[in-house]
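Naming follows writing order (A, B, C, D, E and F), and every chain is counted from residue 1.
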Amino acid sequence: MSTLQIVFVLLRRELMLAMRRRGDVLTVLFFFVIVASLFPLGVGPDPKLLRLMGGGVVWVAALLAAMLSLGRMFASDYADGTLEQLVLTPTPPVVWITGKILAHWLVSGVPLILVAPVLGVQFGLSNEALVVLVFSLLLGTPVLSLIGAIGAALTLGLRGGGVLVSLLVLPLYIPVLIFGAGAVDGAMSGLGSEAHLSLLGSILILAFMLTPWAVSAALRISIE
Amino acid sequence: MLEGKDLACVRGERTLFSHLNFTLNEGELLLVQGANGSGKTSLLRMLCGLLTPEFGEILWRGEEIGAARETYHAEMAYFGHAPAVKEDLSASENLDFSCRLAGIPVDSDEVKGALGHLGLGHCLNLPTKSLSQGQRRRVALARLMLVKAKLWILDEPLTALDQAALQLVQTLIGEHLRQGGMALMTTHQPVMITGIVPKTLPLTP
Amino acid sequence: MTGIAMHWNSWSEFLHMGGYAFYVWGSYGVTAVLIVGEILLLRAHRQKALTLAKRTVKYGKVEKEEGNDEIAA
Amino acid sequence: MNSINWYKYSSPATFYGLAGKLIPWFYSAAALFCVAGLYLGLVLAPTDFQQSDAYRIIFIHVPAAWMSMFIYVVMACWAALGLAFNTRLSFMMASALAPTGAMLTFVSLWTGALWGKPTWGAWWVWDARLTSELILFFLYLGFMALQAAIDDPRRADRAGALIALVGVVNVPIIYFSVRWWNTLHQGASVSMTKAPSMAAIMLVGMLVMALAAWMYAIAAALSRARSIILEREKNSQWVAQMVEAEV
Amino acid sequence: MSTLQIVFVLLRRELMLAMRRRGDVLTVLFFFVIVASLFPLGVGPDPKLLRLMGGGVVWVAALLAAMLSLGRMFASDYADGTLEQLVLTPTPPVVWITGKILAHWLVSGVPLILVAPVLGVQFGLSNEALVVLVFSLLLGTPVLSLIGAIGAALTLGLRGGGVLVSLLVLPLYIPVLIFGAGAVDGAMSGLGSEAHLSLLGSILILAFMLTPWAVSAALRISIE
Amino acid sequence: MLEGKDLACVRGERTLFSHLNFTLNEGELLLVQGANGSGKTSLLRMLCGLLTPEFGEILWRGEEIGAARETYHAEMAYFGHAPAVKEDLSASENLDFSCRLAGIPVDSDEVKGALGHLGLGHCLNLPTKSLSQGQRRRVALARLMLVKAKLWILDEPLTALDQAALQLVQTLIGEHLRQGGMALMTTHQPVMITGIVPKTLPLTP
């Protein structure tokens, strides 16, 4: 079978599994919403302040939600032996790893993108800023899944993996956060957001080309 | 065909075995024997290419398995401690996906046939989480029938199985060998396959 | 080093650091503490490793030097 | 194998002895440079007309900042060597460097904060350089936390090496993104005062202190590497012989 | 032995265990620091804005760190059978549950309180606000441990426990967040923070009296 | 002394057993027998009070165990599938803490004695994570010697033990019974304790 077919089969399988455990997907989504909603509570209801923070807060919440959902990426496959079997297929690991990352993004990144505008409205973002927010998430959340996959692969089977993965991955997420939130701010302040979005795009391309190899190496290390 | 040359394995700080040599030809069965913790699983994972030997090399048809990865993995099937079965998918979905991911498209009749042969005909469509431990392992065993690999590497395939299933699995291995396949397995139970005299490979530190 | 003279006129002036004593000595002091601390930790680490090695030798768990272990040796 | 000789030099046993001989020299050099640098910086150097004597923090701040970045790169190089050639010594050197690097990163953060309060009026501002140094600190901590969480030394080595490499690829990206973030907004009420055109003696003092930091880092890393080797190789013949000879 | 002695023995054991795995404790601490540091990166470096957000951000970070550290509270005891043995001691469960919660707070709450001033400084909080921040955390973090214990007990042994616990627990954390961050804001704006702090204090007393019973019930359910 | 009356157990949707009756008196050993998954562990946990019976009642000295919780738990010791040993503490620290938490202060000589009796004299101070599976179970068994409970409830105490340890544990149980204790256990291995004829309790659905 061709490489593309393998990725397609994997995607179908992952989506089917996600459908069977919808609870997990929804939980991450709710986490995103709750974290973003905590801020107005912590900071106070001043609309000007909230407008200024809006983009940044939604992006931070997206980062944290993405990070929490990383546990799902390889852990269950590792525990039940499926990961070994995937490594032992003749397909090059980079192929199915790309498929798994894509599936992770579809299951935990895309829902965030869909509800983000609602959160943006809560913070009083302008319409233009909402559009930019969605675009920046569209370009940025795949990077979160890609980089996160490295952390998830390295911490497979370790105790305290959840907190550890955050320590590994959050610092690497920072450029995405900066450009993502920067794009929204640019739109709000009228400075324009093309520069930020195109930087996000280049990060995405770079990450897409490099991380599957790193993940493949990380999985080999963890499976030994 | 499968050759191990002067293999050594170190886990943590302990050398589990060293200077291990063996060859496995078509139609042969190699039983890896040793006490708990003697390194049987480690050896099998090494032979799969999941673990890098501390020393020595593993050859498949004369080529190093790392170099010949794709062809080797296309001809090999591994059955590990973990059954590689997704709890939320049914037995037939599990089999279907795992064969496709291994690059072998199967149709649903074949899947049904294999599961039926292993006595799971009545629970094809139950999610595997409601199957018992032994039934889950049977699902994993059914994969061996479909993947049609030349080399089987089996880590304790007989645990958690009842008497009937034991018999079935041994017959399966026997047939595989008679058709020119090879198998390498570990088990703590006695193995009796008609017409086959297994080679043994004791593991000692 | 002709032409360069000691900059300070008295000890107290030196310690006073032109009014920035807290900041300057705070920096130097904490750095010194950290370096001394690291050296002490390094020594403790070494002692621990040595006792561990001694204990291992005493209990006779030393592996035989193996011909195929030149990576390890 | 045509590189037996090479392996010999990378063998922990040989390295252990060699490092043992070198460490005192590096420590002495560090102490020497440190005394000279402190004399230059604290005693001889004149007061800066802009910042008064607060600027004397520079003699540790800048060396620490330089070394913190340099050590991360060196660590990543060892990690890459280890992954490429599977030499255990390289991994050990990488793990030996991390704590010292993290310590120096912390020193640069600390001294920078103590410098910032009198000069900028704030302990901390979200300036690009400061922020990227903070992130570097997190990267060190992540490396160390990952290694500490893994019991199997082989896996710990490799996993650590991989995260060090991923980090080093990201460091420039992080650095530029943070710079960009900061300069685009430029909302900060205080901006980094340009480094004053330094008197030659200050410059010399700083360079000497940087050398001291360098020597110290080497000594500390070698010393830690020796302990790590001893822990890892406690079962081997040469450690047994060495320990017995010592007793 | 008296009740107090049992609590004391338990505390000693938990602290000894925490010492043996210092890594876990430090990781939670750094998670706290990193999350708090993400915000300026998302929102921008404007000191005025950051000063306004400071208290809220530190409090949200504390909430998230407390939540992530909940996994440690009962999970390892559950996995290795120690929890069953504790249930089977003649001591009333409420006693040792209180001890375990106290230990959790000492190990993961107190370190947060200690580094919080550093974060506050990074956000440019005034000295007075820093003091109030520490006080509010001193009153609030025990409540986080207490309430979190219920969630931790209910999700024992469930897959996806990490995300699930956040869903259960974060909504309950909201009052603590509001009063905690409110106290800091009050101090910054000069409105005073006594009211907020005394409300936090009453929540603490209430939680201290009620939650051990709820946790005891939750553990019974999970252990069956 | 310990009485089960008309007990029934339902796990998930399956009734594992019902109408189960037994009595256990001083000096007696009751062996619970049944296939994998027949509900042995479930029964034992019920008798500890960890699981509420679907039907029926459990009496200790004539009182319902829920009502007499404190006195019952003070007189009972449970040894479960999981050894209840903290990996990061040493064997003696583990024992010390678990006895103190059970309300029984012990001094370090007693702890050393118990561990020495079970053949762990040389690894008192190693963190238990560096002990083998069998050694960890011995640490858990040492607790039984120190806690001095009247009733022992043992779930497969003999697994993962080598021949010598098997002998030791059975002697331990024998002594306990001769001193007027009672024990209730499950095992898949044969039990031979000199001078004791165990009662059996078969579990069938």
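Just so we're on the same page, a residue touches a chain if its C-beta (ideal position, glycine included) is under 8 Å from a C-beta of that chain, and two chains touch if they have at least 3 such contacts.
Not measured: the values here are computed from a predicted model.
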Applying the document's contact definition, name the chain pair with more C-beta pairs in contact, A-D or C-D. C-D
Where the centre means the average of the CA atoms, what chain is farthest from subunit A? F
Centre to centre, by mean C-alpha position, how many angstrom separate subunit E and subunit F? 36
So, what's the distance in Å between the C-alpha centres of subunit F and subunit A? 48
Multi-chain touching residues of subunit F, meaning two or more other chains, are none
Residues of subunit A whose C-beta touches two or more other chains: 21, 76, 159-160, 164, 167, 170-171, 174, 178, 185, 224
I need the residues of subunit C touching at least two other chains; which ones are they? 63, 71-72
If you look only at subunit A, which of its residues touch subunit E in the complex? 21, 23-24, 27-28, 30-31, 34-35, 38-39, 41-44, 46, 49, 52-53, 55-57, 59-60, 63-64, 68-69, 71-72, 76, 159-160, 162-164, 166-167, 170-171, 174, 177-178, 181, 185
In the complex formed with subunit C, which residues of subunit D make contact? 4, 7, 11, 13, 42-47, 52-54, 56-57, 60-61, 64, 86, 88, 99-100, 103, 106-107, 110-111, 114-115, 117-118, 201, 216, 220, 223-224, 226-228, 230-231, 233-240, 243-244, 247
As the complex stands, subunit D meets subunit A at residues 83, 135, 138-139, 141-142, 145-146, 149-150, 154-155, 158-159, 162-163, 165-167, 169-170, 173-174, 177-178, 180-181, 184-185
Quick one: in the complex, what on subunit B touches subunit A? 48-52, 69-71, 73-74, 76, 78, 80-89, 93, 97-98, 100-103, 105, 127
Subunit E touches which residues of subunit D in the complex? 113, 122-127, 131, 134, 138, 141, 145, 148-149, 178, 181-182, 185, 187-190
